[in-house]
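Two complexes are shown next, each including subunit A; its partner changes from subunit B in the first to subunit C in the second.
The block that comes next holds the complex of A and B.
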């Protein structure tokens, strides 16, 4: 799998950024390198980065899923609602995962089979699924889950690592294989590059898209449940606004918003860059708007730089011929 | 045998007396170096900045050589942001965190983790509902008192002949406001308020535009309306502006809970002759004293512990009657504002 050279350079740039940030963090605070802090660094954003992995595939495929954060909230609320209605927790969790997959299937149906733009479909999902979540729990907070469930999100289970972190690592490996080593992965790129061409060459584009959206919904639901376990209680406004952070991570990773290009290595580096930056700023007592602006500036640069590089490149080429 | 009994009786007596000895007012010694974090619901809200000023005042008095960190999330990231800040404070091993909790019980795992590391967790303005992971809650005012203060202001504005008034609240599910309105309705049952008639309650969701429109809708709906009571700082300003814009201030007055700096103009032009609020400066000041006293070991987080909080006087930790679990320090009282004192308070 060879990549265009400027993308290869993008990953190098991310790596350089990461080294720089890690160096600054080490210099700024003695707490940075503690095992506990490194675990916290991942834990505090773990649900977002799990969803970001699947979002990478969706965006490379030329689509977008704005409904992920609402599906996270929906799944958490479904589980809490059913558990408090007397269902055993494991069954409630399965039902919650199913609700996420169903939400994804609805997104996929309208996008792939009806042909509406996923931007519009999943925007409707963002509003609709959140609405259902809020109807289910109203303005209450549901807590009192079994200890084993809370422990999933709060306590280290594998050495110092939590279940969520292990799930993330395993999922990263699976996604890497699917995207970069499987036929499905190749279809994701081909469709993202040129949907018409893919269709004419006999790719069952509808089925692939539907599958991707179902996976996106199910993974968002899983992330929502992990979030509920980490917080120990569920509210209707859980994960509101997370979709933007998730898409930010993917775009900073060098994935083109127009589809067809990008890779999981870039997204992995982007995750490390953002998490380390947040953590360093947090430990240096920089929070709130300052933190948001720094990350915002980073994103603006990440969108501008490659485009500028390409524009300059094209112009240069034009002059030569 | 008798001696033994006597001895054990004496021991029991000492056992009973000892806590009383500890209950004597503790002295908060200035000069300790304690890292402390003041965490509002989110940044950019006037009342939280006032609490910050109060906390800084206390920090100066207590000669804490460590700078107070005033850290908060952005409004759209309040829950995750608060959890992140508490978690990072635990990593840094600060001495105390003061939280105006906006995360319900979702803050509990983070607060518990901080608490387990020996960090004192004081909540102010808004507590942790289950009280888990929390040492003590510094409460601004008693809910019942809020209701009575509103009923009194309505009586004082409407006078002996009374009349019809309506409530413009925040959101339908706002726990604070609902408790205050319920307390006011209870207070209204007393005979001296017999001529006050509560016509209805509407909700402006603490958004200026919605509140403004709801205030005007009230005017249309209740023709004999004489007063709008808004137990929210956003609602009261919007209602006063609406009445001013429509030249209705001669007929309909506005009252409730408001910030002097935001209400100054409306009190001066007679639209909102009287309103009330607790001092957020004092709330920040008292929270800092409480957290500092806990972190330096001057007091323990136990009912009956008592200490002197600088200029504000002596406070005692009690069980919190408004929650199943938890301890509280009740600040109180309300400050009522009218034309005589609003200007000084607005500065």
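The block that comes next holds the complex of A and C.
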């Protein structure tokens, strides 16, 4: 028995999962399909899913960036610190974005040019950038930002949509074009599949890697600022532990942790699956911790089940011949 | 030089330099802080190092086999909480039984990770990322967000952290630190001289080759995760004894400190090289910095930034300096071979 190719694709499984979850949610509560709930569903995790898009490129490239959550915190703290030191808010925001790009450049330099494993470099970044954020704000909480900044994260600006959601949609489109329709995107895959082959074919692997890490830092910084705008206040420990959720989204989307395979369609579906699952469980009064456990289990099962199916299939074939 | 090269491996040079760095750090802190060289400072550092070290030994075994165990923080939290709740409910429970319960629970959790990695063929980072969330979720749900409090625990457990194993001069070596050192010695000997221990290195250096020469690669991977779980369970008991009151958030984020200790200690994150003693030195380095910066009162907020920098330097020196050393060692080996070869022809 062989399944037609499109049924064996990872995205099909995710789509089936999504339909199942959405169906269960619709059956469980009448509020699910309301515009308010759908916006809310995105809004609650919007910063994570923005960062997850760039993380997709990083992981396909065969690297990992554990420092994103710390860069989110760092950018928010830089903006808050400079604003309260008397800088105008737009300048403070630009400086925060620059700090994120700089953090990414540091990660990229050590990974691409010195050749250290990105897991170790960005682990150091995870601890170190958080440390810099803590030095800036210590144990204070900064609030009192201009109203237009808070409105960015809290109020619907485009019909029922917030700025964050619009940024996510635009970024998804840009990432899809870059990854699947541009030379840079092909290089990301080629390097993830075989770095040596890419280097010998004349790809400037170091420059591409550096660029990816800078983009990852800058986008994480942007997400951190949006998070600050949504919360209306900044603390040293904001966004702690987000990196795990972000990586979970990407891996559930069928992106191989070893690099070289996966696509943005899968990650988009995985985002929808996780958001709807959390939303449905939230509407059914299941606490955040149980939600996290369920998503953890989903992550493991998403790799385990295809592996087991493969093993059974191989055994079955062996018996026939 | 040649004599040196024959008796010392590059990895040992690295461990020695880490040891020098620790001594240097202690000397610098000693000149900055009044009354630094006291047994109180030592005990404070030793208490935090002991727990990290025990977990780091297990983590080292997993990293050696090209894995990573991110669930250790959740395992330590779970075992600390459940052992605490169990002891609080049965005051007369014997200490040995309490330790066994913690270790058994940790072993079970490690075995779950191990089965999924070794027999389910799921990459370690995915399995332990998932079980990090699952174990913590189980803890929060089953505990009903209640806290194990110090006054609900029997006095032998509360007094355990201050129990002295041996006194050298005016330094009291606490039993918990002695236990950590004993575990390091045991596992260092095991990984150096036992067949089963060398298999971790073989597996991590080249999994395909290890499989081809008939090593049970799945079983090796499985046992690394089981040992990591068991040691985390033991560390959970030590955590309970040290802090007394355990919330559901206990030991959250410990996995990062442990991985940091392992990486600073020179264990290669891609597997195959590094030692248990190195991991302990890494833990001591981090523990010394943490506690001393705290005493220095510049600002505890500087701690993380310095720690991050330290990890980066450790990894960079590992890549740059150690590669040079290895090349130097290899070159000398080549020379020895080429000078020996003509004689053999004759």
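The rule we apply is simple: the second predicted complex is superposed on the first by the 296 of 321 C-alpha atoms of A that agree within 3 Å, B and C clash if a C-alpha of one lies under 4 Å from a C-alpha of the other, contacts with A are read in each partner's own complex, and residues count from 1 in each chain.
One rule holds in what follows: a residue touches a chain if its C-beta (ideal position, glycine included) is under 8 Å from a C-beta of that chain, and two chains touch if they have at least 3 such contacts.
What you are looking at is a predicted structure, and each value in this text was computed from that prediction instead of being measured.
Chemist: Overlay done on subunit A, so just call it for subunit B and subunit C: clash or fit.
Modeler: When both complexes are placed onto subunit A, subunit B and subunit C end up clashing with one another.
Chemist: Let me test your reading of the model: by the given contact rule, A:121 touches which partner, first (subunit B), second (subunit C), both or neither?
Modeler: Second partner only, subunit C.
Chemist: Which partner does A:235 reach: the first (subunit B), the second (subunit C), both, or neither?
Modeler: first
Chemist: Given the touch rule stated above, what does A:289 touch, subunit B (first), subunit C (second), both, or neither?
Modeler: both
Chemist: Regarding the shared-chain residue A:134, is it in contact with subunit B (first), subunit C (second), both, or neither?
Modeler: second
Chemist: More subunit A residues touched by subunit B or by subunit C?
Modeler: C
Chemist: Quick check for you: in the superposed arrangement, does A:19 touch first (subunit B), second (subunit C), both or neither?
Modeler: The answer is neither, since A:19 touches no partner chain.
Chemist: Could you look at A:312 and tell me whether it touches subunit B, subunit C, both or neither (first, second, both, neither)?
Modeler: In the superposition, A:312 touches no partner, neither subunit B nor subunit C.
Chemist: A:173 contacts which: subunit B (first), subunit C (second), both, neither?
Modeler: neither
Chemist: Among 145-153, 181-189 or 271-279, indicate the stretch of subunit C whose C-alpha atoms run into subunit B.
Modeler: Among 145-153, 181-189 or 271-279, the clash with subunit B belongs to 145-153.
Chemist: Can you list the residues of subunit A that meet both subunit B and subunit C?
Modeler: 138-139, 240-241, 287, 289, 292
Chemist: Given the complex with subunit C, which residues does subunit A contribute to the contact?
Modeler: Checking each residue of subunit A against subunit C gives 110, 114-117, 119-121, 123-132, 134-135, 138-139, 236, 240-241, 244, 247-248, 251, 257-258, 287, 289-290, 292-297, 299-300, 303-304, 307-308, 311.
Chemist: Spell out the residues on subunit C that touch subunit A in their complex, using ranges where they run on.
Modeler: Residues 68, 116, 120-123, 125-127, 129-134, 136-138, 140-141, 253, 256, 259-260, 263, 269-270, 299, 301-312, 315-316, 319-320.
Chemist: Where on subunit A is subunit B touching in the complex?
Modeler: Against subunit B, subunit A makes touches at 29, 31, 34, 36-37, 40, 43-44, 138-139, 141, 143, 150, 153-154, 230-233, 235, 237-238, 240-241, 278-279, 282-283, 285, 287-289, 292.
Chemist: Which part of subunit B faces subunit A closely enough to touch in the complex?
Modeler: 42-44, 69, 71-74, 76-77, 79-81, 83-85, 87-88, 91-93, 103-106, 108-109, 129-130, 173
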